[in-house]
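Some structures to go through are shown next.
You will see chain A twice below: alongside chain B first, and alongside chain C after that.
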Partner chain A sequence: MHSFWYRLNGLLTFSVTILAIMCAIASLSDNLNTPSPSAEIQVMNINWFQKQPQGNDEVSLTMNISADLQSLFTWNTKQLFIFVAAEYETPKNSLNQVSLWDAIIPAKEHAKFWIHTSNKYRFVDQGNYLRGKEFNLTLHWHVMPKTGKMFADKIVLTGYSFPEEYR
Partner chain B sequence: MGWIGDTLDSVKSIQIRQLLTQAVSLGMIVTSALIIWKGLMCVTGSESPVVVVLSGSMEPGFKRGDILFLHMSKDPIRAGEIVVFNIDGREIPIVHRVIKVHERQDTGEVDVLTKGDNNYGDDRLLYAQGQLYLQRHHIMGRAVGFLPYVGWVTIIMTEKPIIKYILIGALGLLVITSKD
Partner chain C sequence: MDWQGQKLAEQIMQIMLLVSAVISFVAGYVLGSFQMMMIIYAGGVTLTALITVPNWPFFNRHPLNWLDPIEAEKHPKPQVAGSSKKKGSKK
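What follows is the complex of A and B.
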């Protein structure tokens, strides 16, 4: 019972168990954090708004995005993945979500930012229902921990709309 | 030379009852592992409740060798969720993020487009010929939690199967020659 292999086995089992418990506690400590993020998005310009040959509408826009997400970081946070999605409803689809821009925030210092950008990904509808339509811009964030459970949440900003005519 | 003789003696001196007891204990260990795995499948609602990250397409969030815990609920698929899906014709599941969702008014069915965080373009290149979107039945689960580095054991055993054989051989030898 006291040979080298038994001792090694006992040691390994114990250390793996302790590691697992530490990871679980680290993950649970994330629940203690009460975040208070804020964000603002302005659509500076609709660059162009056309109907593609296949019949789908496509729009290109430029936005000012400013946000303060510092309160989301805890000691167990590896990075924050954020993205801005346009959400709207059409007669064909009850919900459409199109991601326009995303970024990775690796540390708390970078979580308060202001950026002027055009959409990183093409904004293409399924169909041609966008003229004059209202849409929401939602800033989503995904807290990716060093270990354990991931959290996601969002801020919904309403009141944006597409132009009535193609241009 | 004396060590080889001792090992041969211990192999010859095994009694049938002892051997059967050891075989039953081994069987118990294997079946309880299977019970835990199947139980996890029921609890999480996913066909494979734990997956290993194999590529670097989700860096720096998920690196190669991390393991992901999956959960599949009836909730609708929304943008930003990290999903694991299978493409028809490929056997390795892919773990990427949903960037576009189109949900139908009438049927509630959903078209989903995904992209790896570290990839430049979306996943249309990975989908089957002519496939523009994923549907719900392609998706095996959502990633809800992760543990770093633990998956390297699986990667090493898959990519260098010789290590798998060495480990099993050594375990088998230990079982046969142990004296209790």
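What follows is the complex of A and C.
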């Protein structure tokens, strides 16, 4: 500590180390949060339901997605990444998950929303097993922190099914 | 800076940085604002730097007593065996 530069170096290293510890504690504080999210998805319409030339089923649907994800935000949350996936079982695959729509929620005020949209990404099966099939729609969210650990969870909504015939 | 001053500077630096960290974390958590935590902490670090890094006079209250040059000449440095005795050069 016997010169200006020694002291400056010591101060900078110590302050950055302390900052790292503060960020770790901030991330741990996220565990104190007990979120209570809710969501609802209505399939308003099956726009069309066809078999592609290659033999795979494809469907286009319009959904009404409403959710209240405000309780997921903490002081250490940068943004929320959410997506809706359809899950179903076929003889070929025991679990299929197809991502239909996603969004980024940058602030708590935007976390209570509803949106009327068709699927953002194409819903194509590996095969032609969709006719009359029952499926779940799950809303997944990733709580992306400003610093530290990311939390991910989901809500599963059941009771949806495809039409018996192509249209 | 003298030895006592260096010790004082290091102690002040460590304590002030820790206190800044605690105050900024608590303030940020209570206000629910990560940005406030960073701003208060940066302020604390700057304040600590201004107090402990420059060579302020209050760090030099126990100055070292360097030997007077005239005094040093009266006591020449010990000679290596074999060489003749020489007087130290005048500065």
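The rule is simple: the second predicted complex is superposed on the first by the 166 of 167 C-alpha atoms of A that agree within 3 Å, B and C clash if a C-alpha of one lies under 4 Å from a C-alpha of the other, contacts with A are read in each partner's own complex, and residues count from 1 in each chain.
Criterion: a residue touches a chain if its C-beta (ideal position, glycine included) is under 8 Å from a C-beta of that chain, and two chains touch if they have at least 3 such contacts.
Quick caveat, the model's predicted, so the values are computed rather than measured.
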Legend entry - Clash-or-fit label for the pair chain B, chain C on chain A: fit
Inset, instruction - Measure off the angle at the C-alpha centre of chain A toward the C-alpha centres of chain B and chain C in the combined model, and quote it in steps of 10°. - result: 40
Legend entry - Contacts of A:P106 with chain B and chain C, given as first, second, both or neither: first
Inset, instruction - Give one of first, second, both or neither to describe whether A:V98 is in contact with chain B, with chain C, with both, or with none. - result: first
Inset, instruction - Look at A:F14 in the shared chain and tell me whether it touches chain B only, chain C only, both, or neither; answer first, second, both or neither. - result: second
Inset, instruction - Look at A:K146 in the shared chain and tell me whether it touches chain B only, chain C only, both, or neither; answer first, second, both or neither. - result: both
Inset, instruction - Have a look at where A:N119 lands relative to chain B and chain C in the superposition and call it first, second, both or neither. - result: neither
Legend entry - chain A residues touched by each partner, larger count belonging to chain B or chain C: B
Inset, instruction - Quick one: classify A:M22 as touching chain B (first), chain C (second), both or neither. - result: second
Inset, instruction - After the superposition, pull out the minimum Cα separation from chain B to chain C in whole angstrom, please. - result: 13
Legend entry - Common ground on chain A, meaning residues reached by chain C in one complex and by chain B in the other: 146-147
Inset, instruction - State the interface residues of chain C toward chain A in the complex, per the touch definition above. - result: 1, 6-7, 9-10, 13-14, 17-18, 21, 24-25, 28-29, 31-34, 37, 41, 45, 48-49, 52-55
Legend entry - chain A to chain B touching residues, read off their complex: 23, 27, 78-79, 81, 83, 85, 91-99, 102, 104, 106, 121, 126, 140, 142, 144-150, 152, 154
Legend entry - Residues of chain A touching chain C in the complex: 1-2, 4, 7-8, 10-11, 14-15, 18-19, 21-22, 25-26, 29, 75-76, 146-147
Inset, instruction - Would you pull the chain B residues touching chain A in the complex into a rising list? - result: 60-61, 76, 78-82, 97, 99-105, 108, 111, 115, 117, 122, 143-148
